[in-house]
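Right after this note come the structures.
In the two assemblies presented below, subunit A is common to both, partnered first by subunit B and then by subunit C.
And now, the complex of A and B:
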């Protein structure tokens, strides 16, 4: 054992030779590595503990300098890009050493579309915007399961002739005001369309090593988006195609050591 | 192995010098005799990497309740605030008549934190809010005007990437303009006291001629009140000392700054929320 024990020799008692030799033997046999027996209760404090995280990579952020950045409609997930580069981070994550990785993303967005307005588009589908985390290398990207966030506007937001607000607020047959989810700025009959109604998207994910098995090296992570009609169509008519504006974005990570 | 102290033998006279020699041997071993030749230490036999540290070995965490709930751990701190989703009794209420155009911290989304050492701080906040009481015209106001914006701030300095916007409700429709908000932010803070949290900035108070029938007397507020309902903030501060830098760096992502290892190049607002300036820490 690593702990040395000293036989209790008391004053006034007879000195037993075995007691002396047990003490000496304990010293002679102190050959095991230091372990918990050598540390007193609560003996490990701030002086001996290093940090519990690894140094984070550069966070990806965009603020008022970038503003609202338009992202074109797509049926396939594409990278979010609110600065000159894609929203990518690469944490110093070493799962082989027992590291735990948490990815966090929060941003605002709004959709510009005429979805759900049959008089213009000929269909009743409503616009959708979807976001998710992906991992990959510089060439290929893969979905991180359970991280997809879906948003979809109702006809209340996009149908300016049958929206449930409309009947109480204006009369006549022509379109009046678009409600929410800004659709365009030159609608018929003077509709102004200045109602972005920003939404907030949040994705926080604890990454398991088994989730990123398609990449051999330390993976990169990115935010990807999809926006289209909810029936997965994209109109070819100008301004009837959905476009998502993304901004005010924070994308960071923390690696907790074992 | 340990020492090589000779044992005491039976039927042999043990002298005082003999005992002193044995004690000296042990003393030498403890004080400066342990070297690589012993198995308890040395390059060939480092301290065991087997998980032998038990909970009772570690300095006990301290848990504190009101008014500043937090947990102080051996190498990190976690501060948290949580407020029930009870607008009547616990909602944070802001009036455009009294507090427009100024940044104000929101009760329940703010904490004063004392860091003993330099830290990497992860902040996660979530809340919902809505405007209420302004002009009731759907056509002119339903989500068409900016009621307020929120922003994460430290010591009165806001980070623009955490800006969140809220639109007007047009009175009766406040239920459908309630919005969910969140902020995640990672930054480095020096040892000391920091005021950390979410602030609100109500839009300028503007009066509007009421279009509703029957006509009102005079003008009414476009934006009146903002309520902040259920809300949480967690501030997780990890000591930066000896932080492991076993990191694969990603160059030029997020336009990293030369002067800041964490690449936060955001422009930040001054305390009055007006002219942007560079971050100061």
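And now, the complex of A and C:
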């Protein structure tokens, strides 16, 4: 702790110039070395500090104005787009200064597809929709571990004849079950089947400085998607009809400085 | 220095000043600087983050694992453990010097077992169980967050009608200084399709004695990430 020492000067005594100079030097030294020990316990409040959280970059959002943005089938992860632009953010993150970075992505989606139970309908397998966070520069992108999220209905509930209990596939009568990743305007038995079922996906990730080492500069971050049949095909029945529609997206970051 | 507000002696023109009086005033300042400075001594926003020790306001406990975690589906209650695994689903522990607000987030994805076979399963491709009386039973999973033995967030049930699905939970709770344990827990149960999401049975339950189906279902959790933000002041 920087400490000021004041020489004792008493009434009637002679004023020694060294005493005066030592006191002044003590003030000078202490004023350059003030640290936490000079502050009383719990003596500081928020008023004296600058921002604890760095100003985040502009969040990528889409909502009712942008509506659902279609994304075509792909076997490789591709960037999620808002309205034309890739959803990419570049936080002001300086890990060398002890910053901690958290990336947050939240959006809704549904899959336009006809799944099917192979043994009965001859359809391909049910569609899968997968999302993950990636980091990179403007050229290359790399997966961030622990961020992948997958969604897939069971085959029973994605059959385009309204589920296994449909009378079309089961002897005897039964109720229609038009729910799940089921999208078919020409379903049998009078059921419309036009029931895209919106899902919500949220991914939050704390980025460790060591996991983004493939990029030399402050990395960019994006959301990537993959959608295909669950057997990882995008051809055959139901052909290239699968699409994942993504909307109501918010993609942002928070940098905690201290 | 703000201590001048509290100076002990006041001098005016023409006074004969005793050195002790002068020193009383100087000591008032020196004592404040020697360990009793406070916000009144600093201008508003005058201390930048470069002056503040790292993790002074926010620190983090984290757990992240992308490797699969197989759930032992014979256990009916809430659990963070699995007999199939040596580690927890997701747990963080720490010693924290101050009371703080804990902001907790947990995310993961899971896959239900796909290659189940049984003479009572009409078609293995369904990825589901059919009761012999031809009503469905769904196997379901739900998750919760527990901070120092207090449940702070709980999801709804998610059934195996979604063979792949994902989850995010968030919660906040103030906790005192000391040891802290935050963990994610999960529970698996079966529900009758005749009364979906109302009647739940423990795993292994039989609807009737004639029912020879046990409802065990495998479940594997992936990409688990637990983030605990300790917001101190």
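In the analysis below, the second predicted complex is superposed on the first by the 186 of 258 C-alpha atoms of A that agree within 3 Å, B and C clash if a C-alpha of one lies under 4 Å from a C-alpha of the other, contacts with A are read in each partner's own complex, and residues count from 1 in each chain.
Here, a residue touches a chain if its C-beta (ideal position, glycine included) is under 8 Å from a C-beta of that chain, and two chains touch if they have at least 3 such contacts.
The structure displayed is predicted, hence computed values, not measured ones.
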**Item:** subunit A residues touched - subunit C or subunit B, whichever exceeds
**Value:** B
**Request:** Kindly classify A:202 by the partners it touches after superposition: subunit B alone (first), subunit C alone (second), both, or neither?
**Result:** both
**Prompt:** So, does A:100 touch the first partner subunit B, the second partner subunit C, both, or neither?
**Reply:** second
**Request:** Residue by residue on subunit A, keep only those touching subunit B in one complex and subunit C in the other, then list them.
**Result:** 2, 4, 30, 34, 36, 39-40, 43-46, 49-52, 156, 180, 202, 204, 257
**Complete:** Counting only contacts in the complex, subunit C reaches subunit A at residues 18-20, 22-23, 26-27, 29-30, 33-39, 42-50, 52-58, 60, 62, 64-66, 105, 107, 109, 111-112, 122-123, 125-128, 160-166, 168, 222-225, 227, 229, 233
**Item:** List of subunit A residues in touch with subunit B within their complex
**Value:** 2, 4, 17, 20-21, 24-25, 27-36, 39-46, 49-65, 83-85, 88-92, 94, 104-106, 108, 156, 165, 168-170, 176-177, 179-180, 192, 194-200, 202, 204, 218, 220, 248-254, 257
**Of all residues in subunit B, those that touch subunit A in their complex** = 1-8, 10, 22, 26, 29, 38-41, 45-48, 50, 52-54, 56-60, 74-76, 116, 120, 122, 124, 126, 137-139, 142-144, 159-165, 167, 173, 176, 179-186, 236, 238-250, 252-256, 261-267, 276
**Fill in**
Touching subunit C in the complex, subunit A uses residues 1-6, 8-11, 13, 15, 30, 34, 36-40, 43-52, 97-98, 100, 102, 117-119, 128, 145-157, 164, 180, 201-206, 256-258
